Amino acid sequence: MDTGELYERGLRLRKKIFGESNVEKRMQSMGEFGAPLQHIVNAYVYGDIWTRQELPNKSRSLAMLGITAAINRPEEFRIHVKGALANGCTREEIREVLLLVAMYCGVPASNEAHRIALEVFGEA
Amino acid sequence: MDTGELYERGLRLRKKIFGESNVEKRMQSMGEFGAPLQHIVNAYVYGDIWTRQELPNKSRSLAMLGITAAINRPEEFRIHVKGALANGCTREEIREVLLLVAMYCGVPASNEAHRIALEVFGEA
Amino acid sequence: MDTGELYERGLRLRKKIFGESNVEKRMQSMGEFGAPLQHIVNAYVYGDIWTRQELPNKSRSLAMLGITAAINRPEEFRIHVKGALANGCTREEIREVLLLVAMYCGVPASNEAHRIALEVFGEA
Amino acid sequence: MDTGELYERGLRLRKKIFGESNVEKRMQSMGEFGAPLQHIVNAYVYGDIWTRQELPNKSRSLAMLGITAAINRPEEFRIHVKGALANGCTREEIREVLLLVAMYCGVPASNEAHRIALEVFGEA
Amino acid sequence: MDTGELYERGLRLRKKIFGESNVEKRMQSMGEFGAPLQHIVNAYVYGDIWTRQELPNKSRSLAMLGITAAINRPEEFRIHVKGALANGCTREEIREVLLLVAMYCGVPASNEAHRIALEVFGEA
Amino acid sequence: MDTGELYERGLRLRKKIFGESNVEKRMQSMGEFGAPLQHIVNAYVYGDIWTRQELPNKSRSLAMLGITAAINRPEEFRIHVKGALANGCTREEIREVLLLVAMYCGVPASNEAHRIALEVFGEA
């Protein structure tokens, strides 16, 4: 497949999950300097990996909450809480992953994840 | 609930997922020194968190693969690949999480996770 | 022991170390969504682990400063600087742990820990 | 560009840096299960990022030593020591990066990196 | 060499790279409590490691961008973007390291590094 | 103070804590390539930080167990279990730190720390 198509396909999926204006705002903030990274995100991450059919994106979202909490990247965790809600995860399901995070990554990781999830729920 | 009951309930679930002899061998290797940690694992982790009803354990297992790959703990990842298979995850579903790991934790984290998953599949 | 008792015992210790109003504010901010995590913190972390008699809590606090600096969780580090002062650690003792952090976790980890410790000292 | 071309271009570069038989052995060990990850590595990592012209690969290799030591992935660090030598880095230059690792990631990270670098030098 | 000389030599280099007033402001914010850490930074990090002749500081700076992005210390990364520009790295060269970070540490690490680099470029 | 004296003072302390032959074996394995890192360890880490009088080395050792478990460096953790025993820590005190590690860094970090501590105790 052409990487241009991959990029367009990924950008469409990304906008569907996270909202068109959110994605456009984020891409503009990256400017020309960030264009190669946006290519990675759109073409490789969303156009390839997230587009694969072997797992529903709701399950991907639950795994993403564990992954982004574990790697200590709160802004990415915030984005993927929004994505999880858009992909059909309930607050109760989200919480279950955060309780695993408490026991396997430690309570501080789960404290911060709870704080951010509550902020996202408050905005929703 | 009494913590003794919590412990027994967790130990039963743990043996169901990971196999009776595996769990017993692991607990024996911890000895008296490791008894308080085994209490944490049996009572709090499995007797409480894993026993909760709001998420099927198959979904917990998929999230656990992302979490244990992200925190760079290969021996725990190995255990949770076995648990994921026991909880009904397919190899294709497991792989999808490992591809997320590649893009969100980096390719080295996913390389190691692939290597261990393949070892577990080879033993199964 | 009943987990309800464990919870109450932990909550009392937590309030004694970190201050009643601080703990209540934190628990309220977690709401119903955060109740299971607050159960983990009160019953398991403080009601069980911190209540054990084999080590004085002053020594636990010094170890906690090293741990929370190492895992890159500045908000938890801040809480445990306050706890360390309440448990009788001096500023000089706290600094010694932060110098170990510089050599074993790297200078950036110690820079941030110093910055936060100085903020806590300024508020005290 | 077509992703198939990207893959072939990346595979050629990868073999040039790390040796044809090493790369083939690694790819075979990944099997069919690992094919999507090998696609990421060949097409996206080497066919895209490592092929870019804005930085000589010798400089990329020096940065990679810092990155793979920092993320605590010794097997990847080992591979990139070999790659650094193949890309023209001297042992003295490699050591300078490992001394930065000592001060910014902590002495234990640098200890392990030294140990592995010495093993690679011994094999060369 | 006397550690006092090492300190003075390191402080001079540090001021040359990061700017005299920036370094003085940072040192004053550390006060008496932070004096031993400032000794580590001036004497050991800059007076010893950064003063070594085996690698140009431009190469050190590129490695530092990878290291500080990988260890998830955004404030240190920001300082070393400024240092990289002062040491003669171009924006294009800086970006190449951040693209390696995306593939080897994960996209979230590179997202944050891009955001900070763009802020520094905007101030320059 | 002269850095040569700092080095000698640190080397003496290091041999006192970890055993003369252990330290010599480790230093020899580092060879000429590792001489600058050994200078960091002997002069800066042990000659400076560990020699400071504001904290007993028994307390330093307890903090070190938390730090080296948290940063996921099992070989360094092993060395500091030996050092903790030499500095007068009991097995019960060591365990208390490992239980904090379970709750604040996650159960997998504590599992590995327990495994290594038991190996060291078995050799003692």
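As written, the chains take the letters A, B, C, D, E and F, and residue 1 is the first residue of each chain.
Everything that follows uses one rule, which is that a residue touches a chain if its C-beta (ideal position, glycine included) is under 8 Å from a C-beta of that chain, and two chains touch if they have at least 3 such contacts.
Because the structure is a prediction, the values reported are computed rather than measured.
Student: Name the chain whose C-alpha centroid is farthest from the C-alpha centroid of chain E.
Tutor: Most remote chain from chain E, centroid-wise, comes out as B.
Student: Looking at A-E, B-E or C-F, which pair matches C-E on over half of its contact pairs by residue number?
Tutor: A-E
Student: Counting C-beta pairs in contact, which comes out ahead: B-D or B-C?
Tutor: More contacting C-beta pairs are found at B-D.
Student: When the Cα trace of chain B is superposed on that of chain E, what is the rotation angle, expressed as a multiple of 5 degrees?
Tutor: 180
Student: With chain centres taken as the means of their Cα atoms, state the distance from chain A to chain C in Å.
Tutor: 30
Student: Taking the mean of the C-alpha atoms as each chain's centre, how many Å separate chain C from chain D?
Tutor: 39
Student: In whole angstrom, what separates the CA-based centres of chain D and chain E?
Tutor: 23
Student: Would you mind pulling out the distance in Å between where the CA atoms of chain A average out and where those of chain D do?
Tutor: Taking the average C-alpha coordinate of chain A and of chain D, the gap between them is 28 Å.
Student: Can you list every residue of chain F that touches 2 or more other chains, as numbers and ranges?
Tutor: Residues 36, 40, 44-45, 52, 68, 71-72, 76, 95, 99, 102-109 of chain F each touch two or more of the other chains.
Student: Using the touch definition from the top, list the residues of chain B that touch chain D in their complex.
Tutor: 72, 91, 95, 98-99, 102-103, 106-112, 114-115, 117-118, 121
Student: Applying the document's contact rule, which stretches of chain C touch chain D when the two form their complex?
Tutor: 103-109
Student: Please name which positions on chain E make contact with chain C in the complex.
Tutor: Residues in contact with chain C: 29-31, 33-34, 36-37, 40-41, 45, 68, 71-73, 75-76.
Student: Which residues, counting only chain C, touch chain B once they are in their complex?
Tutor: Answer in residue numbers: 1-3, 6, 36, 40, 44, 48, 52.
Student: State the interface residues of chain A toward chain B in the complex, per the touch definition above.
Tutor: Residue list for chain A touching chain B: 44-45, 49, 52, 54-55, 59-60, 62-71, 76, 92-93, 95-97, 99-105.
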